[in-house]
Amino acid sequence: MATALATKPEMIQDDGLADEDTPFIFNAWYVACLSDDLETGKPLARKLLGVNVMLYRTSSGEVVAMRDRCPHRSFPLSASTVEGDDVVCGYHGIRYGPDGACKAVPTQKHAPRAMRVQTYTVRETSPLVWIWMGDPLRDNKTPLPPCGWATDAEGWALSTGSMTLNASYVFLHENLLDLSHLSFLHKNTFGTPDYAAAPFSTELSGDAIVVRRVVAPTRLPVLYADPLDMHGNAARIVTSTYYSPGLSVSAVILQNLDLPQEARTDHHIRTAQLVTPQDKNNVLYHFVIARDFVKDDARTGNDILVGIKAAFDEDAFALESLARIRREDGTPFAERSISSDKAGVMLRRRLRAEAEAEHA
Amino acid sequence: MATALATKPEMIQDDGLADEDTPFIFNAWYVACLSDDLETGKPLARKLLGVNVMLYRTSSGEVVAMRDRCPHRSFPLSASTVEGDDVVCGYHGIRYGPDGACKAVPTQKHAPRAMRVQTYTVRETSPLVWIWMGDPLRDNKTPLPPCGWATDAEGWALSTGSMTLNASYVFLHENLLDLSHLSFLHKNTFGTPDYAAAPFSTELSGDAIVVRRVVAPTRLPVLYADPLDMHGNAARIVTSTYYSPGLSVSAVILQNLDLPQEARTDHHIRTAQLVTPQDKNNVLYHFVIARDFVKDDARTGNDILVGIKAAFDEDAFALESLARIRREDGTPFAERSISSDKAGVMLRRRLRAEAEAEHA
Amino acid sequence: MATALATKPEMIQDDGLADEDTPFIFNAWYVACLSDDLETGKPLARKLLGVNVMLYRTSSGEVVAMRDRCPHRSFPLSASTVEGDDVVCGYHGIRYGPDGACKAVPTQKHAPRAMRVQTYTVRETSPLVWIWMGDPLRDNKTPLPPCGWATDAEGWALSTGSMTLNASYVFLHENLLDLSHLSFLHKNTFGTPDYAAAPFSTELSGDAIVVRRVVAPTRLPVLYADPLDMHGNAARIVTSTYYSPGLSVSAVILQNLDLPQEARTDHHIRTAQLVTPQDKNNVLYHFVIARDFVKDDARTGNDILVGIKAAFDEDAFALESLARIRREDGTPFAERSISSDKAGVMLRRRLRAEAEAEHA
């Protein structure tokens, strides 16, 4: 009985959580692609929020996003031709302007007004291309998620990358908010054994959900220890922040505890985790990694990136494995949450509520 | 407002159209295979109109078609043995005659009368093997679709081929009736830029839907220009005719306009397009190509065939792409038709009505 | 009319039969794996009766079976770590004992009592590992299916093997009870032409369904004729016995009929066919083959095993083919049974009744 009382407060209420069956949230900014993914005149196909989308860059460098489906007979516009700033369908040659309006039909004199490709608002903050697929009246009222440091190299060395995971975006966000898994899933990459048990706090900061974990004294994984030459006692202070369905940020401070207090420097490494649902079983994951140490050493920078990508592959393995089990295991199953799920549960409850409000 | 009035007549009413979800039309002749596909004593498996069918040639050369499923325990008869004119199931040895009747069961004295494989009427007009899978009382009342020139080589050089497309047969038929796509989808094979904008007419001729397009003066694609040595001004007159769910024909006349009128010859090339639905997402496409020029030059004939097949691969790409989009894109979407869809829309409306009448 | 009367008694009533859509029977022992499949400290993943199961061997050699899904966030425990006798989830490090109870959560002080992995009763009779996934109060009351000879080598040379078939376990059992298919499906391996027409009896022996077939005089297939040097007249007496959803046994006696009666020896070869449903379209098939002849000749033993496995591959081909047809052929179809189906139909009726009783 004593144990029951003791454990109870550490159990989390986990009803009403978003999962792979929750509808997508359209009224949010998502990263559609990286700036470098777009060559002028070459269309790019992307499945975003369950919709086939085509993106291209006009002659003036603007990015256009439209539905990847000709309104005539559903031919993919991403397999069509960009001529100047127009798209000419590769099947029957129907021409659309960057605003989606039909400009010409080869077999007839007039372009029908009713024939129109749906377009989406795009904002580019290089290296990120953002898309708004929700209510067209709300894009201007909704600021881009806050990650200016990831789009302005001043003071930072930036690396970018992307991957697709066969998993729901919901569980990727949850993964990013509870880094206690570093000691287990990432024990061979950027985790250390003491990470999971380190004290952490969960709080709301405005709309952001913030988890802060102080691991100190600790040892750094080789990934950080080598470039910083910090193989002794260190502090690793990690802040994970969920900002919106399209952005979560992890910000890490590394300190050398073997130096006297006054000689210690904060070394920073931050990752903008740009999360874009593709469909219920797939998520597009772009990331921008910024560091303020060994900034000009390309080789070291590459080593760090390789190490982080190896860890992301471990996340992919975990998320894809549990997605497969959730999909294939027909027997009823109720997951249970633990104390470190506080932020994740808060996030999933919010995603569920926002999705339901949007689709109400 | 003026534009709206002007464009209106060029829009086509496109309700009640057949698509991949429309049931198949059984009361029609379809090509099941080519004569050469059948070796005596060797069964051939085909999925036709959603049914697994097995075909074989008897000792006297007759073609037998029956359901590809032993009535006992569903073993595929196409994986069984043809012994003389009988089929002996490869699992338990149950023997069926070419009429589908059970002739022997190894483990018992008498063959049960109730055990019977469903058979289908077959007609062979070499190189084509036709099957009737509809009302057994109507096969004799329904003539084969008219393409005698494709089954009698007199005066023609014939080539045959086949392919399977991951697309509904409905959209293949529609594709074949609106060749304005030659200027775009086939711009690298048998299309020319002026093709799409050439004048065309759509009419009914009995039950046939006929589209006639006169492209003149024009240049011929290399595919025709080289064998005919016709690199200057030419006329290209194309008649596309839909006859039945199993047959569409394209007939092309090519003329050298640089010759004086009296010296001009009509060169013909015709394609019998033999369309056989397999299931809602797959269509079997046989074709017989007949030409009356450079008839005895095997190499040139082969060049033409290679060129045409390259174009058919482009059709496959288009039809498979739009089928995939129609299948995967969950978001509601209403396609719109244009003036050149008049024949296709007529055809799809008829397929829908015939299917509904049959399944009423 | 005379024929109708004659054939009628040979038709079998085949309503109420189990098929791929019948729910699984949980209150039965099934082989989960072979003893050799389990290395100490290395988890094994198995889909059994539709459930993802994980098995491992503890330091003392006991086999533990539990659901292959962490109660926290569904990570596969089979991709986790066995530490001592515990399982430590590879995602967040939650620790479970061999009884499924949660022993530790890294991010909190107390292990929540409510967090528990479902475990299953296991019995090992080497080389077989049995699992009970049904009512936990009934495991001790239900004896293991009778195949002691397959788990105790005394007097026998044993061989084991396993395969997965893309077919329902129901049709594997039916296949094993009607060996008349040896003359057809296995004509190139262990069948002979006269096998199917040999007299057979079907009877109940307690709960067991027994089919006995005497093929004599006959010739033996090379598989047996060579090791026994028995190339003349022989008797082949085969008893097929269905014991439970997890076990069917075939027992063969081979005699040399060219010897005088008093000089004849019975040579035995038995196969324990261990049938474990995985899901509606897949069955795990373990087998133990025991023979009492050329026991110490490894090469001959291997030849026999290779021959039998070739025959099992033919069964796999048949069962997978008919499963595919049953799955893909949407058109209504009613299979018909023949006299040799008596045992199979009895079995399938019983499986259906047991499944319905369990799920009532």
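Going by the order they are written in, the chains are A, B and C; count residues from 1 in each one.
As a working rule, a residue touches a chain if its C-beta (ideal position, glycine included) is under 8 Å from a C-beta of that chain, and two chains touch if they have at least 3 such contacts.
As the structure is a prediction and not an experimental result, all values here were calculated from the model.
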* To do: On C-alpha atoms only, rotate subunit A onto subunit B and read off the angle in steps of 5 degrees.
  => 120
* **Copy pair subunit B, subunit C: interface residue numbering same or different (half cut)** => different
* Structure fact -> Between the Cα centroids of subunit B and subunit C the separation in whole angstrom comes to 47
* Asked: At which residue positions does subunit A touch at least two other chains?
  -> none
* Contacting residues of subunit A [partner subunit B, same complex] -> 50-52, 68-69, 71-76, 79, 88-94, 105-115
* In the complex, go through subunit C and note every residue touching subunit B. => 3-4, 6-7, 10-11, 171, 174, 178, 180-181, 183-185, 196-197, 200, 317-318, 321-322, 325-326, 328-331, 333, 335-340
